[in-house]
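Right, I'll just put the structure down here and ask away after.
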Amino acid sequence: MTAPPEVTGSAADADPEAALQGMPKKAIQGRSLGQIAWLRLKRDKVAIAGAIVIALLILVAIAALLLDRVFDVVHPNEFHQDLIDTQNGTLAPLGTFGGMSGAHPLGIEPVNGRDILARIFAGSWISLLIATLATVLSVIIGTTMGIIAGFFGGWVDTLISRLMDVFLAFPLLVFAMALVGVLPDTAFGLSPEMVRIGLLIFIIGFFNWPYIGRIVRGQTLSLREREFVDAARSLGARGPYILFRELLPNLVAPILVYATLLIPTNILFESALSFLGVGINAPTATWGGMLSDASRFYTMPHFMLWPGLAIFVTVLAFNLFGDGLRDALDPRAR
Amino acid sequence: MTQHEDSLGGATPPRPASSGAPFLQVRELRVHFPTDDGVVKSVDDLSFSVDRGKTLGIVGESGSGKSVTSLSIMGLHKAGTARISGEILLDGQNLVGMAPDRVRQLRGKRMAMIFQDPLSAMHPFYTVGSQIVEAYRIHNKVTKAVARKHAVDLLDRVGIPNPKSRVDDYPHQFSGGMRQRAMIAMALSCDPELLIADEPTTALDVTVQAQILDLIRDLQAEFNSAVIIITHDLGVVAELADDIMVMYAGRAVEYSSAPDIFNSPQHPYTWGLLGSMPRLDRERTERLQPIKGTPPSLINVPEGCPFNPRCAYAGTNGDLSFTLRPEFRDVGGGHHIACHLGAEDRLRIWETEIRPKL
Amino acid sequence: MSTKTETGAANRRLGEDLLVATDLQKHFPIRRGLLQRQVGAVQAVDGLTFTVKRGETLSLVGESGCGKTTTGRLLTRLIEPTGGTITLDGRDITHLSSGAMRPLRRDIQMIFQDPYGSLNPRHTVGAIIGAPFRLQKVKTEHGVKRAVQDLLELVGLSPEHYNRYPHEFSGGQRQRIGIARTLALRPKVIVADEPVSALDVSIQAQVVNLMEDLQNEFDLTYVMIAHDLSVVRHVSDRVAVMYLGKIMEIADRTSLYERPMHPYTVALLSAVPIPDTSRRDNRERIRLTGDVPSPINPPSGCRFHTRCWKAQDLCKTTEPPLVELSAGHQAACHFPENTTKLTIDPTGAAGSAA
Amino acid sequence: MITYIIRRLFAAIVLLFVVSAVTFSIFFLMPKLLGASPETLATRYVGRAATADTVRETAERLGFYDPIYVQYLDWAKGIFVGADYSYGSGVEHCPAPCLGYSFRNNQPVFPDLIDRLPVTLSLAVGAAVLWLLGGVAVGTLSALRKGTIFDRAAMGISLAGVSLPIFFTGLLSLSIFSYNLGWTAVGGSYVPFLENPGEWAYNLLLPWITLALLFSAQYARLTRAGMLETMNEDFIRTARAKGLTERKVVVRHGLRGALTPILTIFGLDVGLLLGGAILTESAFSLQGLGKYAIDGITNYDLPKVMGVTILAAFFVVVANLVVDLLYAVVDPRVRAK
Amino acid sequence: GGGTSSSGGGTTGGSGGTNTPAFNAALTNIFNPSDKKGGIVKIANGGTWDSLDPGETYYGYSWNFLRLYGRSLVMFKPAPGGGSNELVPDLAEKLGEPSDGGKTWTYKLRKGVKYEDGTAVTSKDVKHAVLRSTDKETFPNGPAYFEGYLNLPDGYKGPYKSKDVNTDSAIETPDDSTIVFHLKAPFGGFDYFAQLPQTVPVPEAKDTGAKYREHVIATGPYKFDKNEIDKGFNLVRNDQWDQATDPNRKALPDGYQVSMNVNADDIDNRLISGDLDIDIAGTGVQPASLSRVLGDPALKANADNPTIARLWYTSINPTVAPFDNKACREAVEFAADRTGYQTAYGGAFSGGDIATTLLPPQIPGAQKFDLYPAGADNKGDVEKAKAKLQECGKPDGFETNISYRAERPKEKATAESLQQSLGRVGIKLTLKAFPQGDYFSQFAGNPPYVKSNNLGLIVNGWGADWNDGFGFLSQIVDSRVIRETGGSSNTSVRIPDVDKLLDEAIGETDKAKREAQWGAIDKRVMEEAVILPGVHAKSLLVRSKKLTNVFISEAYGMYDYLSIGVA
């Protein structure tokens, strides 16, 4: 649907000296590039705000997972139909603002009266888990393929590049929908829910790798021409050494940046799949699934608002952090 | 220090000479860049001047503020990034503080610039011709056809073969030397009175460099403009410049006529420069005489003389080198230096220690 | 600056042929069209023959794109030659596999042009200089770290720099790190690709001195690639002048600088700007016109004929062979400048004409 | 250049084959691997009261008994030479670019696709124009005023734009502007441009704006980054040194350079959008290709899905090709190769 | 009728009309009676027709609407309320005349009925129409009653494939206006078959098989003008239609404009604003509009709330352990929260009435009984359920799966609701969504799949093909319709008794006796606890203000599309 954000350059091709020109001599001593990036990042208030929100979200997600799954304190699927207007038949939450009350701070869902806060809370870990693991998958496949294509060149490159074209040409949503419909939902003795989560991670991760693959390939192509690769080779280094010890460390920065920017895309993707009805099975709460449910009740905007807001805040936080990270790792952006 | 007074009469002192005001006069120029890490004092208290028909060479190490100086004259620093103070008088008008649009009108017309890397300095998407035409038409209300003819003439003038057809080529279709010629053509399109060439030949091979230097020399003779040539290479200034200014850490450390600088340099940094380069015109020395250490940070310029950490003679005059910033002063015959060494010492060191080793 | 002994070149033991290139060629294919057929080749290096003697410094000079770097990469076997042979210490290494080449890499090492690009920005100085030990599985007496620190000291850096990253160093210091890395394996030959051209004059001198000192200390043989003729004169024993993938002239330093035979060498020398205002007007200048032709379609006959002021019809059709015109002085020209007239008149005396 | 285009086209055709083969496998091979027999597959298409005979006949008619590659080749053959289908009364010839007949309603797929193309095309093109103009303008201004309030606000808003799911903004805007305020047309009513341009635009306004909001946000960010980079290029300094007005420097020299990479992404986006406007079309219930794809999927109407997939992949490929060719037009350096 | 309190609707009874908008004003009366001709009726469909071909279409709204362009032998009377259940002759002069103990049925065609092209309709065309509809390969979606009951030659595959086969054993056409049907066995309700659109005549010369849907040759007062499959079509007046031959149709509007695949919420909004006249699906407003319509008295006054002969239910599969134990099934019946089920479907108005039986009340023979009382608040009898679990040997409950159609939010809500209410007694449900397109063929209707995947509960629904016990029950309680290859609607009722009872009832020629038997079957099935009834459907329809002559046809459970006019 959208092209991934282009990661421009990497810390590797920037001239770190230029960035450091004039720093007090003492201050630079013993600082790795990572530390410099961290110093820069620390100064970026917005990115830090994003990072804090992400950290909070992760805490919330873990807490939600524990409270819901282990301690069974949150009841995201519990019905409260006594709070629903069945009298008039409108099935809307009784009370104002979607049934907001002390017990249900964000109100309740129409029809079955489930607590929206509890569902958003419970949905947080799934959204984050899927997005993160799918990103990890994309990064692993993309990096491997990209680095191989870029490093070996020739027909290997051609083959992998064409493969990426094939993947990019696939209407991803169509495939996700088709696949989810066809594949079984029990496997490896896992619960259907876990299987579905795994499936979504696989689909999202597997179809997104060419984006990162392209970036890594491009970076590898340019890194490969750098003299330090020749230097390693002239010392008798073998292919794997050059790939993993010389090139990979230089790819970490762009990959990291891209990954933080891919996570929000994947969150949106997961919610899009849920919206199209091929996400996580009911009644498990996911943000996209809630949005999808809410779309049938557009006359009750509160229902749509909260999950929408949750997605928005998360995605925004990741984007802000990713942007900040990119700036920090790429001195040229300053 | 009078033994050099008979050197070339063209030497222009940095302060207004008796014979009318020079075309370009820079006074106490300071260009500071506030950054996250502190204020970068790229240019600090710099004064010099150039007359029409004369060439000033500026030499100095990388990062000594040469380019920043030239960009300040052209008014090309990005708005808001640089703090500029002092005066830059172009034909009597102060460019510092002048409305940006008025400076713009002067650019290209009265002052023009040639950059180091002609490939990146030209827009890759426009033909060479159209870039020259554009430069010409900003300041001259002429039709495209006329401007194009002008461009062809200029290309011809700077020695590009087949200018009629090459005018429609893109920069990447030119070789390095031709690109630099085209840059020069562009700079000359409005007959500027001041031409600044910032390392015009660093990216070029020796044989091509020689062609370009010849070209600049010839053109200057023809157009009678004031020229500033900035370079690392003492050889290049020796070929072109009437006067030479040596910069170190954002300041001028020595300024005099070209022969003066080469025959009787008086600043230890200049000595260092001369000593560190192998020379084709001298007998091969066994060892080069490098300047020790590395250039200072422009945020924390050393106390006293900025050159003191690298200077072999820093302690000669008591603590002065470490505490007092040496004044940039005329030591006779328009020869300016910024050094605490006494006149005797300088002469002695040059004659006995430095010169024999070169 | 770690200045060692002030030994002169004369003390060096000039010995037998250490590195021999015979008719060395490298053509980079150009592929086009539907089937990626090869339609031509960049003849980057096209038939180089030269020898490097043990302990000497041979410099390759020439204009940009004439194939200097390619030659260097061929000699170190970073790329596979298209033709010709390379022997290192009597052993033919022309087509050795990378595995077979690996142990030999100890003997031949390379210093790179770009002090910024040749050090992996993500590795510490320790890792960079220690890499050769690890890669070649060299046993060191007191461990790799000690060895690295010794090397750092040797090139004039502080052993405390062990854990620093390249970006914390200036260009000159980085070039020293690069030199330390090449020295780790105590190679016999070092191919140095423009080791100082990216440095400021004042720093350049430091590095040049260092390289000279190291050569004396370790009996190194250098193949120096450079384009600055003044530096070349300073560092080399013999000089080869390249033009469009071919050697135009090769001779020992004095002979070449004082009695250049090939017109191209003459032109090169005359184009070097001299930092002396007094010769501004009385220098005899030879100005070449135009640019170096493309190595894809090199001119027929003598490759230099398109820019040569002495070119005749013969030059367009017949390629002049590289022949020895006087002792140790070879040139590839039909009409060599075989005079005794010095192009450059050294101030003072004829003392240099030894 | 010509050989380049031919090579690209050739690669494109191969790509389309791979894409279609994979699609085919997902729909047929996967169920087969998971144990579905040809009859179970055919049960999908036989209605409520079919006898075993009918099921078998249907499976036969749809070719489910053939090996999967034969089925695929049969389908692929139709694209080049057309195909014949018998539906009761007689044999129907489906002419050359034949993407088959729907399993469900026996309509040929190709005309259907062509029929729906204008909707998606209008959606994509209209939105693209909006977002390109908006995004580039905002991005440029932001880059020029880097660090100012405007820059921060614009980038903040665009980040927000990127962070909102399209179906969320779509539904929300529908609910506000169309159902509640009645300012814009409600979804689902597409009027062909040639019939009534005004109505056409009026009906598509909201989808356009919604889509454009999302994309222009991205483009603003891309443009800003590109402009910041370009404005630091040496040739910009040269342009200034010539005495060009700032406006000309920005537009003629800056934007011209910065827009080239954006062009690539734009081409890809439009290509992808044409093939996959699924979300937008379902949010606004537009009868375009995306909706067609969803119909195909939910009804297991393989020919429809194959058709959309091929068309979508085709668009991506063509967009890529066009971008590459445009690149050569825009960037003379590329032309040389 | 329904058991809900219709607060707004005061007008009941009377065959006359009313012009005052009120809730349920068109339920049993004609609202805005008028004879004024002219105007175009604007119709929207949230989805698409299964087929416009009378031989293939199987949607209720389609049968209702089809009468505008096609005339079957017999039709439901276009009259408000219960009156619509009466069959009246249409193309035929009278209802069918049985002979041979109900094995042979004869119809005489009206004179002067013509196709839109002016040619006269003959009985051969009716025969052709019926025969072609038996070709299920060409017309997979249509009802299959004729091939099941007509005495067709063995291996007959329809007129396209079995071209020269003599079919007189099944249908005879002694002359152009007489048609005689021969059945394999007596069937008392054959007139219901004769009202199927499959008896709408199709001229053989113009029959294009599967493509006939693109242009159906009209016999009714309207014909197709422009028809874009799955997008929309227009009907215009058929000048060959003669009012004199047709006592049932008024043909008030000048034409109809139909668009398909319109966003459902959009349809509601346009209906409310008057921009649209009919939501053809007739299933009622979307949840979003529900609160709007019911919350606003003015809007509510323009709404009707008819009952539909449709049961939303959940199958309890005895093939899946522990449901092979009756007590375990009964535990589900008791534990289920009936109000929750009702709410899931949209509540009392839009969902329907809580069901305790299979047969909807409007079907003759339907009895009211409740074998598994769900407590005073209808939220399930937890105690009884627990007792039943004890009896079943699973005192702590058990785990099983419940399937539903992914595209149907109401089924999802049902599954969620059951998960909650059964969870109270320890029955843990895992929800499984399946794509609608494959629901019966691959998953919930595929017995091996059901068994191996433990689909203990299957959310399901069934509507009568016509308001008659046979039409309602035959497909969902007959174990013989269960196909091992999948594709049947019945998934859980495998009771030999019931099969027998069904056969008896079908053969029964006495209407009253037959109807009583339907009720008995219903009870028998409920006793086995293999079906958990949910709701007897109702829908909340918005009556567009511009319409005249509006009334609900109970036969179709929605507005009668034949009689509507526009002001």
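Chains: A, B, C, D and E, in written order; residue numbering restarts at 1 for each.
As a convention for this text, a residue touches a chain if its C-beta (ideal position, glycine included) is under 8 Å from a C-beta of that chain, and two chains touch if they have at least 3 such contacts.
Please read these numbers as outputs of a predicted model, since none were measured by experiment.
Counting steps between touching chains, the shortest path from subunit B to subunit C takes 1. Between subunit A and subunit E, the least number of touching-chain steps is 1.
Compared with subunit C, the chain whose C-alpha mean position is the greatest distance off is E.
Counting C-beta pairs in contact, the pair that comes out ahead of the other among A-D and B-D is A-D. With centres defined as mean CA coordinates, subunit E is found 93 Å away from subunit B.
Centre-to-centre separation between subunit A and subunit B, using Cα means, comes to 52 Å.
A straight line joining the Cα centres of subunit D and subunit E is 39 Å long.
Across the assembly, subunit E contributes residues 265, 407, 435, 438 that each touch 2 or more other chains.
Shared interface positions of subunit B, i.e. residues touching 2 or more other chains, are not present.
In subunit D, 179, 297 are the positions where the chain touches two or more neighbouring chains simultaneously. Contact residues on subunit D toward subunit B in their complex (touch as defined above): 233-235, 237-246, 252-253, 256-257, 260, 330-333, 336.
The touching residues of subunit A, counted against subunit E in their complex, run 77-79, 81, 84-86, 88-92, 110-112, 181, 185-186, 191-192, 277-278, 281-283, 293, 296-300.
Within the complex formed with subunit B, the subunit C residues making contact are 1, 6, 8, 63-64, 170, 172-173, 200-206, 208-209, 212, 227, 229-231, 233-234, 253, 257, 267-280, 285, 287-292, 344-349, 351-352. Residues 71, 74, 76, 101, 104-109, 112-113, 115, 117, 120-125, 127, 134-135, 138-139, 170, 172-173, 183, 186-187 of subunit B touch subunit D in their complex.
The residues of subunit D lying in touch with subunit E in their complex are 36-37, 39-40, 43-52, 54-55, 57-58, 61, 87-90, 92, 105-107, 112, 115, 179, 186-189, 284-285, 287, 291, 295, 297-300.
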